[in-house]
Amino acid sequence: MSILITKDTRVVVQGITGSVGSFQTGEMIKFGTNIAGGVTPGKGGTVIHGVPVFNSVKEAMEGVQPDASVIFVPPGFAADAIFEAADAGIGLLVCITEGMPVHDMMRVYAYLDKTSTRLIGPNCPGITSPGESKIGIMPNPIHSHGNVGIVSRSGTLTYEIIDILSKNGIGQSTSVGIGGDPVIGTSFVDILEMFENDPGTDIVVLVGEIGGSAEEDSIGFIKEMSKPVIGYIVGVSAPPGKTMGHAGAIVSTGSGTALDKIAAFQNAGIVVAKSPADIVAQVNNNLLKVD
Amino acid sequence: MSILITKDTRVVVQGITGSVGSFQTGEMIKFGTNIAGGVTPGKGGTVIHGVPVFNSVKEAMEGVQPDASVIFVPPGFAADAIFEAADAGIGLLVCITEGMPVHDMMRVYAYLDKTSTRLIGPNCPGITSPGESKIGIMPNPIHSHGNVGIVSRSGTLTYEIIDILSKNGIGQSTSVGIGGDPVIGTSFVDILEMFENDPGTDIVVLVGEIGGSAEEDSIGFIKEMSKPVIGYIVGVSAPPGKTMGHAGAIVSTGSGTALDKIAAFQNAGIVVAKSPADIVAQVNNNLLKVD
Amino acid sequence: MKLYESEAKEIFSGYGIPIPKGAVFDNPETAEEFAVKPGKYVIKAQVLAGGRGKAGGVRIAQNPAEVKQFSQIILGMSIKGNTVRKVLVEEYRKPEKEMYLGITIDRNSRSPVIIASPEGGVDIEETARKTAYKIHREHINPLTGVHLYQSRALAAILDRENAGVISKIIQKLYSLFVEKDCTLAEINPLAVTDDGVFALDAKMVIDDNALFRQDFRQEISGSPEAEARKHGMSYVGLEGNIGCIVNGAGLAMAVLDMVKHYGGEPANFMDVRAGANAEQVRTAMGIVLSNKNVKAIVVDIFGGITKCDEVARGIVDVIAGIGVPLVARLTGTNEAEGRAILEEHGIIMASTTEEAAKAVVGLVHTYN
Amino acid sequence: MKLYESEAKEIFSGYGIPIPKGAVFDNPETAEEFAVKPGKYVIKAQVLAGGRGKAGGVRIAQNPAEVKQFSQIILGMSIKGNTVRKVLVEEYRKPEKEMYLGITIDRNSRSPVIIASPEGGVDIEETARKTAYKIHREHINPLTGVHLYQSRALAAILDRENAGVISKIIQKLYSLFVEKDCTLAEINPLAVTDDGVFALDAKMVIDDNALFRQDFRQEISGSPEAEARKHGMSYVGLEGNIGCIVNGAGLAMAVLDMVKHYGGEPANFMDVRAGANAEQVRTAMGIVLSNKNVKAIVVDIFGGITKCDEVARGIVDVIAGIGVPLVARLTGTNEAEGRAILEEHGIIMASTTEEAAKAVVGLVHTYN
């Protein structure tokens, strides 16, 4: 089993004719994703990767009834793409776009908050459920199917962890990158709750980093969970006031440090791994208990 | 019984120290309304009509836990007063203010649409439940308790109808003025639904007028109702394109005429009274059936 | 409040919506001075009434010389009772395609709605009736404003080739619609010309309730409507001969309807609002009587905040000089005192709205 | 991006937030010419670093003559490594009361938050820690903006006597916070003076992600941070001596942490982003090596879109000249090809991030 997506999830790609959108659409199709169509204003009526292109999400909705949309548009147009998809009634949005202005994202969040649309991202690698579907940009070869759920604020680091787990024979139910921006659509807790309710997930790896308090905010829920959660939090070496690559990875005025987060997890009795390799060890430890 | 308000409804008055707010507060208290306090920025700590004045609705909320608020502030400040009351968590707002810009009201409506706050008005006389409570400005002496529900877009015309009903021995469960503006918080259907579910109401009088299609939009619901509804619609003499006193009372481009509305009601088999006196006759007719 | 085309175009221009080069003139000589460049010009009467074109208020000058000539003809012309005091003279832009673009308020959805049709330049109601599928409507969430995806989709419907520039025009029109508190902002036609896309006409109606925070010209006073507004009352002139003075818009409409029901014809709608005092009643009487068709007056007051004795005092103050019969119906606050005052002066009284309406219609028939 | 105080104040002034009369100068002579009116002046170093005051970068001139003298002292001064190239000279306003007003983004509520304290002019973090009850926070719905009731309530907390004008300042500060895409807009102190309320200091931080739609000065290039940004990469200088080149911010932080874990000290954070090619890797090496403290380099690439052979080619192109040892770990897309290229050039390879970190720390200890 998996969370958020399955084989049957019908996906449209917003920005399908752009270079990244087009390349990643091909990769998703190779992975087995049910790509139903794409959207690029002005390119309606054309075909790419064997799927129809529409001028608007509304037209795509009428034409191919998608359940989800993945967004590959430039940062200045990302908010509009999200509004368009939400207004068209798409239930799951995955915004890959990096560099979206935070004011745009605050408006988007306030708007979506009152709708039934779920947004993953922005600035995220998306969602992968091995054997089911992939919405996003995680490299195809690293995944293997299993019972570990992964939720992360990071991209490459997530691939690293998925890869090392797979290489060590540990498969994943679903891997979710929730995004590295300060304001994102879906939080750790939202995803943890889905993993908790997913019969296909037995253990969860949570990958956090400096900035904000998303990790601390998830502790209360983790303590209520029936499934073990392994934490891994990076950015111990980050100096205050500097953005570490991700717009959201910044220690402001002494809060949001990695050490504070690690301490908070440990004080709550949550295992914190020291490295990707240590994640493997901790997962194995816990899987023994689960079995 | 009554809808919306009872003896126990605790009311704050926004704009309590203004001349209209103060006068009407006195009238409400005389009627038996449970006035818990008032709000006027900068006048916090004072007392008027024996109730405490607060600087903000939030302070009033903490101080006297109101269930409802009635708004007597100038048109330019009405939207802000509504936002303030809604944000403070008050469940029922009655906005008396006439002359609120329609753009303000559209923003208010879009905002409230996602909350549990109900707004009656603006540009309305409010709500009166004889024997229970009154929130608004309907004259005290005209009401009498009974089983007729009244819902109206009008002010004085509503008083006239209430008065003539009372003088003819027909009491009211609740009388609601929903307001004469083109964009209002609560529609005919909302109130009709409450009357339908109110065991204290046996028959409903709906007072409509030219402009918009609120009357036509309620026909579907009226036909489903178990209780008889008497319609009364004014503005047969209104020329197109002219605002007849109420900002919402305007026949635009041939739509929203009184004759169209009356015809729509009659075609749907809904009784339309010809005058306030005729309302009395029609109500009596139907009350015979009810009994 | 309606704006003149020239006023609306000035605002459009400030928002970057392309309009033809032009200026407003109140005499033919200065109009001629403006038209120096060779080429065609349009001369348009600046009146608030519709149907200018049919009335001859819009002319195309083939050359600058004709500008003076046509301005002379149009200035002073009367269009639906409005004397033309100003003309807008514009460089002529030949429309290759005429489209419709308007934003108004949709009462049902309680939100702004953008209306667009690739067929403009004509009566949009007509298009809506005959070929409804050519009219496109897009509702806008007032909290987020118009999204790019919305203006882009509408622009593509209007004219795919010029969709980029039209999408921007839609964004700008929406901005001014909100910022200027419009209830209508309309471009008909929005035209594709060989020189680009232009708003060839412009219509703006401002929410009267928002005038307090907008900076528009003062309404020309003198009309009974303006006079009433100045005193916080609401007046609408009608075709009949029975003057009506009522407190409350709904009750006022009910009175009019009943006058009509009994075979009379109301001369006006007049809502003196809540809390009217003697002074306001006197003013209202003056405004109603400024219509020389008035043959009788009905006053119907439901006293709540309004006190019947105050109203009665206002009536008796002027009754001697009005020269037409009057029926009064006062009920509610201080009813007895009011009735006593009227009785003293021998004024005809009714006890219900229906009685009052019936009585005043009878008076007109008797006296005429 | 941080703005200089003088830049922020210019924007404040454009929004109608009162600031003392002043101007910016890069030499003492023109500063002297500005200060003609008798009275006191403030001379403030324009640097982006905090703690100007303690460093002597803010002086009060008792008279115009002192303006030149203090400008001379401050210009050229070094504050936390930043040379002062400009001073802001302002007419002095004596603060009778110093308040704090700031707007920032609250990540938890995902909305703007206005922070206000009647005790400003000091370190607000300090106030927040010691007397939290003196700090007031008001969350703003980004779809509606700041309501009057909110600015009014905050203003009354700051200074009841001047609540009207402060409420307007809050509204204006919120407008610029949104319109200029700020992540921080701060006035500390907001001062009551005998001449009214003034923003005596001004701080603005602009969302880097929104610079594309804002019209701000170009960043002074030359710094390794700016250089990296120019090439679409992300660099942060640190105190240590191990240069780090990684693709992906999370992985880069993980590498840094592991270097530290094994007893090393990273010299930098460097995210070359996804899809980095040989050229970008060469540029990244140049930027990392511009820090003369670097004693060894670790490269850690997880190939997805990024191809390991491209990265390897970038490394071998420059490896000869770098003068410090390098450990590389490449995995993912074209891993075999990449490793083959590195092997050919005898570059030390690791197969996991941990191995790479351990190895590079070992190298530093060996070579030093």
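Note that the chains are named A, B, C and D in the order they appear, and that numbering of residues resets to 1 at the start of each chain.
Here is the rule we go by: a residue touches a chain if its C-beta (ideal position, glycine included) is under 8 Å from a C-beta of that chain, and two chains touch if they have at least 3 such contacts.
These numbers were taken from a predicted model, which means no experiment stands behind them.
**Q** Greatest Cα-centroid separation from chain A: which chain?
**A** C
**Q** Report which interface contains more C-beta contacts, comparing A-D against B-D.
**A** Spelling it out, more C-beta pairs touch across A-D than across the other pair.
**Q** Can you compute the centre-to-centre distance for chain B and chain C, using the mean CA position of each chain? Integer Å is fine.
**A** The mean C-alpha positions of chain B and chain C differ by 28 Å.
**Q** Quick one: report the Å distance separating chain A from chain C, using the average Cα coordinate of each chain.
**A** Each chain's C-alpha centroid was found; their separation is 55 Å.
**Q** Using the touch rule from the top of the page, what residues of chain D touch 2 or more other chains?
**A** Where chain D meets two or more other chains at a single residue, that happens at 141, 143-144.
**Q** Quick one: which residues in chain B touch 2 or more of the other chains?
**A** 107, 111
**Q** Would you pull the chain A residues touching chain C in the complex into a rising list?
**A** Touch list, chain A to chain C: 41-42, 55-58, 77, 80-81, 83-84, 87, 107, 111.
**Q** Quick one: in the complex, what on chain C touches chain D?
**A** 143-144
**Q** So in the complex, which bits of chain D are touching chain B?
**A** On the chain D side, the touching residues are 141, 143-144, 147-149, 152-153, 156, 163.
**Q** Considering only the defined contacts, which chain A positions touch chain D in the complex?
**A** Where chain A meets chain D, its residues are 23, 75-76, 99-107, 109-111, 137-139, 141-142, 152-160, 163-164, 180, 182-183, 207, 209-214, 217, 234-239, 242-249, 253-254, 258, 274-277.
**Q** How about chain D: which of its residues touch chain A in the complex?
**A** Interface residues on chain D, with respect to chain A: 105, 107-108, 110-112, 125, 141-143, 178, 181, 183, 207-210, 212-213, 234, 236, 238, 246-254, 256-261, 266, 269, 271, 274, 302-305, 331-333, 352-354.
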